[in-house]
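You will see subunit A twice below: alongside subunit B first, and alongside subunit C after that.
Our next item is the complex of A and B:
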């Protein structure tokens, strides 16, 4: 086992900077998820760690060894691709055996280890099939088998579940996480799906434009997003943002349609900052929807409601912008109806309106 | 007035011109050649006025030692040329595929060049290069001190046979390379990446991934080149004229001689039909054999 460390990684494709001096430590035995929108550099980072791409600058360490000059076939890593990248001309057995054969491991041991791996992944019945005779889920398992069969120091996974249908994806997510815990191999997992990222990660790394936006435990990132991008990207539906002006004397925030007390933990920061505007962020699950007026509630017009089974996703118009709220299904407002919104000040996030950075709390 | 037609009918009407073209320009000739081959036909006469001789022409063909000799040479030539073209073409394709895009473009243009040259011009160029008195090859070999006097490339039987093969390989390796480049491009990049991460070094990747995945393309390319080589005529006509003696005579060049040198249309037609049958037969056997290997491409 070994951790992975990257230092000051820079990657340019012509004029485009894919990675901008990224430094990051992937701890030994942990599952670290790199998440971000497409083009954020997460796959590039993974490919550089794999050795499939050369960095323009900076270094990669696996364990304590700098591997910049080490070709992929000599790095002790395994990778799972979004397309699975199974060898179409080989049987499942040969696919899983490939990494062992490439390392000239004895026939008997190859057979034993492939069968062991196949049993672990429930592939024993399929060993003589060709990839084209497998379902998406089965191909996914073969790709995993090929990765784990030779006991690598590091697993790299590039959107491994993206080609599966929604139901299977949720199933495989749990299985993959369990497998990683059982094997205890350092894993770097790339996805653009924030739900997958939240559920699987020991440590979450949010990236945008080749720059790390925030890293930490998923709960930490979720409850204390460092900027509006992270706040909006992690959590689904996305966080609601509204620009407010600040009344420092009264410690109040004024939105176009309503005003509210600034949460006390931010008052000091607001004063010190002395700027007159701020971005208020509230998660849909923290918005409470009321049928009638209460003290401090904000009026809103129902735009559309989407029942989701155990709860309802409500889109409302507040101050000319759309906001989303998750409500219990017993509230069933019609389109155009007026509802009242409240939120607990403890759940409020404030961000600087110029830098988009979260304001410090006391 | 509006005419309403069902879709299959419309499809048929669209296909009809091409269909007629194929019948008129391909099948009519084959049938006509078949009919000629059953007559004792001289080039000046109308076939309808000539004696019908059943399969006598075919018997003549099969009894002729020239036929068997040219068949042997044609098969040897086809085998050697195709195998060498595959090897050279594969090398060129791999070299072109793995360099930068910019350099790859230039290499592709260079590679395609020999194939663009008209076959008969190609034959003439090689005839000059191989020429015993003024040829470049002889001159180089003598200058290097490897031989005392220029070898008789086109008049020494063994040398002539292999000079012909050499010229064909030079010209047709390029089309093989272009074929294989297409096949290489069809292999997903992920597969190579997976193989690299799986620990496969370049030779192992080539043997276990590239080559097997290229196999369907290779098999089709071999079929195309093989059929072409079996029919080779212009290279022989321009380079050796079948000589020395009849050593480099191919089936096609022999058929040509019977037609246009000896004016025996009946016998020449029988020759042509035999060549045709041999090629169709070989192609059919080959196709039925390789079908299994084509499957994973589906």
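Our next item is the complex of A and C:
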């Protein structure tokens, strides 16, 4: 087993820059999740690590070995493709056995390992079927089986759960995480589903436009997003942003409709910065909705309310912009009604209005 | 309701007309074949009987045995009365006319052509469908241009080439040129199949530990099998019926003649023996007809697979 390191990776497709000087370290035995919007270069990064694509610049290390010149069939990496990529002319058994057969392993051992893997994934009954006779979830598990039947140095998983229904996806992500912990193989997992990213990751890497935005433990990324993009991308529903002007003298923030005290941990930074506007970020789960006025509460008009079972997702209009809040179901305001919002200043995020970077705290 | 009815009426009418036209065409095409089949089943000399028999009253495989050289002396003696060939010559002629050799030669030529043109064109099709290289489209067009030159134009240079190579009067002189006549079409057919295979399969196999040439044999070829198959049938049928080159390079030597060339010889040599000629025709068509019937499913799939690509 081995960690993976990429240094200054650059990848251009014609004049599209898919990866822009990406440097990352994937620690040995950890599950690192790559997350980002469509087209941000996640698949490209995986394909370069697997050796399926040549980098325009930079290097890839597996363990301590630079592998730029090593072809994919010699890298000892297992990859789960977004499209499953099962061999249609082979049975489930042969699909799972295929990587073993490339490695001069005895027939008896191939059989034993395939059957063991199939049992682990609940595929024992399906070994003689062809891929076209399987459901999406079953094909998914065959694709996983083909990866885990070997003992590779690294797992690369490209949105392996994206084609499953919601229930199966939640089940499988727990299974997958468990499996990864049992096997202890360094894993790089790509998704654009931020919930999957949060729940599975030991380390979370957020990408945008071929550039790493932030890397860290999921809780860290969630509670201290480095910029508005990360703040908006991690967490669901997305963080609310309101542009405010800054009153340094009073340490106050002025939004179009309301004003509030600047949290004390930001005061020093606001003062040093000396700019007169800032972006205020509050997560929907940190917004509290009140039916009547309280000291410091901000008035808002209910735009739409969406019950989600345990909670209610409320969209409200504040100062000409829409904001989302999560409330307990016992608060049931009607459309057009006025409600009052408050938030704890400990939960507030401030970002520079020009660079979108988070302001430093004390 | 009435619109629905008239629609159904119209489709039924169309169906009826289609069937009638199909039957007419089939009758038109198959009548000569039918008469040849019927003649081949008549006893020797019966083809001259008036009134003409549409179907022999006593069908016999005599003509087939004669053509295949398995006629017994006794049978010859009893049959020879009223024949135009003297009994003494019969045995000698029958030995020499055996149609077995051309059938065997044709099988060898066509199988070799099918096998080797498949080998070459599957590799070239892979390059065209999968690899990135400069002038790809140009080379594809160039290849297809080669297929558009009629054999009549290339026959003289090919003949001279085969002579310089010392291959005249051998089967190789038919096999080698026929392989190249077939490569453009086969390449095209197979490339269309390859182009439809997802790239991820090859990438998956690479990650699974296979080198490109192994992937070609273990993943690509099995998945393109129907395409390869129809390309193979085309190559087989094409070289089976090839006459011009075959008769030129075999130079009248019976031992190296394929069916079409031998057929010419045969019908000149035995121009009054219509039962024999008919039997020879039926034999040479039967194998091809059989193959076509059995494999037409694949052939049709092969032809339509490429319809929407490129």
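Throughout what follows, the second predicted complex is superposed on the first by the 362 of 362 C-alpha atoms of A that agree within 3 Å, B and C clash if a C-alpha of one lies under 4 Å from a C-alpha of the other, contacts with A are read in each partner's own complex, and residues count from 1 in each chain.
Simple rule for what comes next: a contact is a pair of C-beta atoms (placed from the backbone, for glycine too) under 8 Å apart; a residue touches a chain by one contact, two chains touch by 3 or more.
Everything numeric here is computed off the predicted structure, so don't read it as measured data.
Student: Taking subunit A as the common reference for superposition, should the pair subunit B and subunit C be classed as clashing or as fitting?
Tutor: Overlaying the two structures gives a clash between subunit B and subunit C.
Student: With the two structures laid over each other on chain A, which partner does A:85 touch: subunit B (first), subunit C (second), both, or neither?
Tutor: Both partners, subunit B and subunit C.
Student: Touching A:14 in the superposition: subunit B (first), subunit C (second), both, neither?
Tutor: Touch status of A:14: no partner.
Student: Determine, for the superposed model, which of the two partners subunit B and subunit C contacts more residues of subunit A.
Tutor: For subunit A, the partner with the higher number of touched residues is B.
Student: Does the superposition put A:52 against subunit B (first), subunit C (second), both, or neither?
Tutor: both
Student: Between subunit B (first) and subunit C (second), which, if any, makes contact with A:77: first, second, both or neither?
Tutor: both
Student: First (subunit B), second (subunit C), both or neither: which does A:132 touch?
Tutor: Once the two structures are laid over each other on A, A:132 reaches subunit B alone.
Student: Which partner chains sit in contact with A:103 here, subunit B, subunit C, both or neither? Use first/second/both/neither.
Tutor: After superposition on chain A, A:103 lies in contact with both partners, subunit B and subunit C.
Student: Which subunit A residues come up in both lists, the one for subunit B and the one for subunit C?
Tutor: In subunit A, positions 47, 50-52, 71-73, 75, 77-79, 81, 83, 85, 87-89, 98-99, 102-103, 146 sit in both the subunit B and subunit C interfaces.
Student: Where on subunit B is subunit A touching in the complex?
Tutor: By the definition above, subunit B touches subunit A via 188, 190-191, 193-201, 204, 208-209, 212-213, 215, 296, 298.
Student: For the complex, give me every residue of subunit A touching subunit B.
Tutor: Contact set of subunit A toward subunit B: 47, 50-52, 71-75, 77-79, 81, 83, 85-90, 98-99, 101-103, 130, 132, 146, 150, 156.
Student: Please give the residue numbers of subunit C that touch subunit A in the complex, ascending.
Tutor: My answer: residues 198, 200-201, 203-211, 214, 219, 222-223.
Student: Mind listing the subunit A positions that touch subunit C in their complex?
Tutor: Listed in rising order, the residues of subunit A that touch subunit C are 47, 50-52, 71-73, 75, 77-79, 81, 83, 85, 87-89, 98-99, 102-103, 146.
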